[in-house]
Amino acid sequence: MKVIELTRFGLDGLVAAERPVPTPGHGEVLVRLKGASLNFHDIATLLGMANPRMKLPCVPLSDGAGEIAGLGAGVTGLTIGTRVASTFFPRWQSGAPTRWKLSDVPGEQRDGCWADYVVLPADAVVPVPEHLTDLEAATLPCAALTAWRAVVVEAKVKAGDRVLLQGTGGVSLFALQFAKLLGAETIITSSSDEKLARAQALGADHTINYKTTPQWGKRARELSGGEGVDLVVEVGGSGTFNESLNALKIGGHISMIGVLTGVADVIPTAKIMSMNAAVKGITVGSREDFLAMNRAIAVAKLKPVIGQVLPFAQAKEAYALMQRGGHFGKIAIDLTA
Amino acid sequence: MKVIELTRFGLDGLVAAERPVPTPGHGEVLVRLKGASLNFHDIATLLGMANPRMKLPCVPLSDGAGEIAGLGAGVTGLTIGTRVASTFFPRWQSGAPTRWKLSDVPGEQRDGCWADYVVLPADAVVPVPEHLTDLEAATLPCAALTAWRAVVVEAKVKAGDRVLLQGTGGVSLFALQFAKLLGAETIITSSSDEKLARAQALGADHTINYKTTPQWGKRARELSGGEGVDLVVEVGGSGTFNESLNALKIGGHISMIGVLTGVADVIPTAKIMSMNAAVKGITVGSREDFLAMNRAIAVAKLKPVIGQVLPFAQAKEAYALMQRGGHFGKIAIDLTA
Amino acid sequence: MKVIELTRFGLDGLVAAERPVPTPGHGEVLVRLKGASLNFHDIATLLGMANPRMKLPCVPLSDGAGEIAGLGAGVTGLTIGTRVASTFFPRWQSGAPTRWKLSDVPGEQRDGCWADYVVLPADAVVPVPEHLTDLEAATLPCAALTAWRAVVVEAKVKAGDRVLLQGTGGVSLFALQFAKLLGAETIITSSSDEKLARAQALGADHTINYKTTPQWGKRARELSGGEGVDLVVEVGGSGTFNESLNALKIGGHISMIGVLTGVADVIPTAKIMSMNAAVKGITVGSREDFLAMNRAIAVAKLKPVIGQVLPFAQAKEAYALMQRGGHFGKIAIDLTA
Amino acid sequence: MKVIELTRFGLDGLVAAERPVPTPGHGEVLVRLKGASLNFHDIATLLGMANPRMKLPCVPLSDGAGEIAGLGAGVTGLTIGTRVASTFFPRWQSGAPTRWKLSDVPGEQRDGCWADYVVLPADAVVPVPEHLTDLEAATLPCAALTAWRAVVVEAKVKAGDRVLLQGTGGVSLFALQFAKLLGAETIITSSSDEKLARAQALGADHTINYKTTPQWGKRARELSGGEGVDLVVEVGGSGTFNESLNALKIGGHISMIGVLTGVADVIPTAKIMSMNAAVKGITVGSREDFLAMNRAIAVAKLKPVIGQVLPFAQAKEAYALMQRGGHFGKIAIDLTA
């Protein structure tokens, strides 16, 4: 079968290779992959930042979708041909996260999805909503579930709440879609008016161009009746945190998800205190959360936003595109092309 | 000013009367009422069942809306002309209910809203969403807030959850609208195919005629992929409870709200246990919940369903209509007509 | 190895037998059992009520403890000699219960613990607190975890809350111990003043003899400053439910656990509503809850209350004793005697 | 009556003065004060940092206790002579905090408790546990309730959880006592072995001298089976935050309470994310939380730790002592001496 291998850290470490189709062991399944998608985690992995000690070569990409093509011994409840997506954390079935549950990530700690086939534990795949294409299903494991956990599981957004999204990357657009699905009022930021217009078409109630409005936090507060928003889905990580606090209402939530603008920053701890802010670190979610999200997606016939599709062979192009940023929504890989 | 007075229990105890416009005391406001609405609680009050020791005569109806017409000493944050609705429990500002908070109900323990004016504590009114008429605003205090608390506050329904509504009365239709607003999948029952069609137009995903399908609980479970629903908004109270359990998924919620079909019944306590069901008694909600609900209504531009409007003078007709049942949504009183 | 087998429903169906020591398969462990304990679930199983279609013969008893004596293929993180207890629901690792998670119960749907050895999935055992004997550890899987889930997981009892326990059986005494461990004020009922004295020695703050005080619910409310208790751990099931409601404060919890006095009863549904009561069905809990409970037991050096110990051979005597009731705390089986 | 007045920011702004005994208005009570206590908030107020625009002169101190000496019009449910404590946020009765609820603080936005008498809204006082002296009662409003909210309300600590306390100031010692009351395992840090010994006598399970063990976070993790603690009550604010993260388990809580070591710092936002940490800002709590805390204190007969008592006249000495730090527990003011 065809695979992409990361042979050493960096773009040049990505090479096309051939491997035999793997055989599923006890409790495992073989998945014939059709689509995959990229996340910032894949960039961090590529650069050796996510896991400096990772074993190379490794097939990259945590997120893939396709159909069950083989069942190992002892597997029940799945049948050949079932359309499934991978899970980011194969061991996180349900409940609260632990160090153990947050390990064994495909594409980093085990072979991932840039391949014709992948072997995964049977409980590390989930059936996907019928109305989604394989490419769309492949956008769910990391970005969609991260957004779902931030908006639904942790912040428990309800109708009428105000939610602030940063930029128009994969996580932010899923968070926008979920927040709208729940009846929330949404504000989204971008440096591009064209992207803001597209976000508005997706349901964003208010838009802020953070280039022309550097104090976007203050502006978001004004747009929230002066009270502030209930939730900021913080994907910047540090460079944006202070402005996020300015947007927040007393007792509001900040989902700390991304590291787009840095991994550490001077944070006004006293303001976190006085605002009674709830800052919650989030890395994806459990398989049970994934199943609940899929029900929501199926009921609403919600469609993921794919900004760009690349074929199997263009690994370096895809990573470079992801690194440059600027895409709208997700970057997907058509593994059949 | 014109009022309706309940002078003794029963329909014949309702009489039209004249009273001087009351004066708001310290911390109170005078509301010029424009609309009111009826709830089953008003029937229970009429019949002396809600409060056998209530002081008569009393102006009936818990629910009214209009505009601030006078401010007592010490009142801040409200201005003459602000459009407001009454709250069902004037003392329940926030937090968990207590015996004290669940007292002083207008129309039962203090004069209510079938009047040109009413005096209420300043924190016993809430501003109403701008897009609502006075009549629509008058449907919110009891029925809408009860549905909101059941669906949003207690059961914490999220997108993709399954919710079962019983019948097409005021609480059930609000619960239907809120469940849809949150992205849930909904099933509604009625004995009338015509009403089921109207419910479907409001967003119901599935309908069951409980006359032709007496085992509607089992049918609801089938419509829920065999797994059962996440929430039943139980307005029957006892006659319907067993069938509600049949509809429920393991660990699901039953909001115990109404007494339409009885106040006590043989309940399979062992089944509550084995299903790990969560049965939650609900009587309306707090003022803070009301404010949150109003934000949701405002963001979604949600419109309450009013089945029938009667003028000020037709008190007996309105109560009789409520007792007969069979209306779709709320019965409202146009106090200006 | 020695086992007790249930060959047909009823006491006479219990027979001693010899079987070969089983071999753990992939992902399974072999446990050398030292102690076991009885629960009402075992009585319901014996009588064919828990599972009329169960496959016989079956080794009874859900609850056992001992040490790991063999590891199947693919098992990691456990070593020979580790002291462990069984879990009641082998598939319920964490999260909310589902029909699937609530299946495969030892002693009912698979061979249980009245045996020298048992094979269980590796994630269906938990390490036990060091300070406990094997017999004490064998009392935890069903009764202790049920009490823990009622008091800690569902009702979230905190210091200063009031908790009402019914009788002095296994679940009630564990619930008493956990409630005290959390700083709650406790009230316990019994028909025996002698048992009430023993309960007081275990930490009960107030006692009520329900024979001499049939309106024990009202009495419990008086003992609660007239306000009522925060939680009733309801083990009667139906015969006691109405009185439990009388003991409850507005918005209080009733954990519906047992069926001691019946499986169905006339329940005042209207009162559940007006009191805003939260009635929660409970059957044991997840493995993650078990681990958390064990940490609490270890930190507090809490000792389970064993009322009576019987040797391996006295199966009929043990079941008969359980059926008669009247024991204080748990009935344990010394499998080494 | 005697009062201390803050006439301008700084220690020298504190002067003794005489004022007429105030008269309670509608809905207010007059409290004859017997004891008061100091908090870091009082230092921040003294220095003009808490509220640079505060109206001077102002009677300082948020926390006081005494007895009801007068009732304004419309006050029900309180009687002359009832022993009460003040609340830090008079408007925060229950529910989630808002900007409005977090205002009107005695000693900052209205006259406080360094006086023979104070007038407060009737719902801005709470009855105090009988077993407490007036001085002990006066330690509750800010420090105890802050600790209660951190440990019980927000982090929902349960038996068996691990809790890390920083230093032996008022909040940390209350948090220690509450954590022990709930059955948690506790670790406490200090620079003084003598204080650590006193903390151990109060129930601390493990102690760390952070002078001799600068990597106290790592040490706390080791003391937590390598897994990390469930909760850090963070009173340093910024200088200690990174080490707190090192102590934490995946998914653990950090209560952000204090600013002892700074109001802003370089924070590893990426680590908050990857650890799925929950960082929650906390400023005191609601009146309903206060009442619940008082029940817990009453049931456990818990005694606040007062390190030092000063008489009415020694205002400057008391503030200087607080600023120097180094006290064990609370600094109380005997207003009758």
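Should a chain be cited, it is by its letter among A, B, C and D, assigned in written order, with residues numbered from 1 in that chain.
Just so we're on the same page, contacts are C-beta pairs under 8 Å (C-beta built on N, C-alpha and C of every residue); 3 or more make two chains touch, one makes a residue touch a chain.
Computed from a predicted structure; not experimentally measured.
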Remark   = Neighbour overlap between chain A and chain C returns B, D
Key: Selected interface, B-D versus A-B, where C-beta contact pairs are more numerous   = A-B
Ask   = Distance from the CA centroid of chain B to that of chain D, rounded to the nearest Å?
value = 41
Remark   = By the touch definition above, chain B meets two or more other chains at residues 96
Note = Residue set of chain A touching chain C in the complex reads 26-27, 73-74, 93-96, 286, 288
Key: In the complex with chain B, residue positions of chain C that touch it   = 96-99, 102, 227, 237-238, 241, 250-251, 256-259, 262-283
Request  = Quick one: which bits of chain A touch chain B in the complex? Just the residue numbers, please.
outcome  = 152, 156, 158-161, 178, 181-185, 205, 292-300
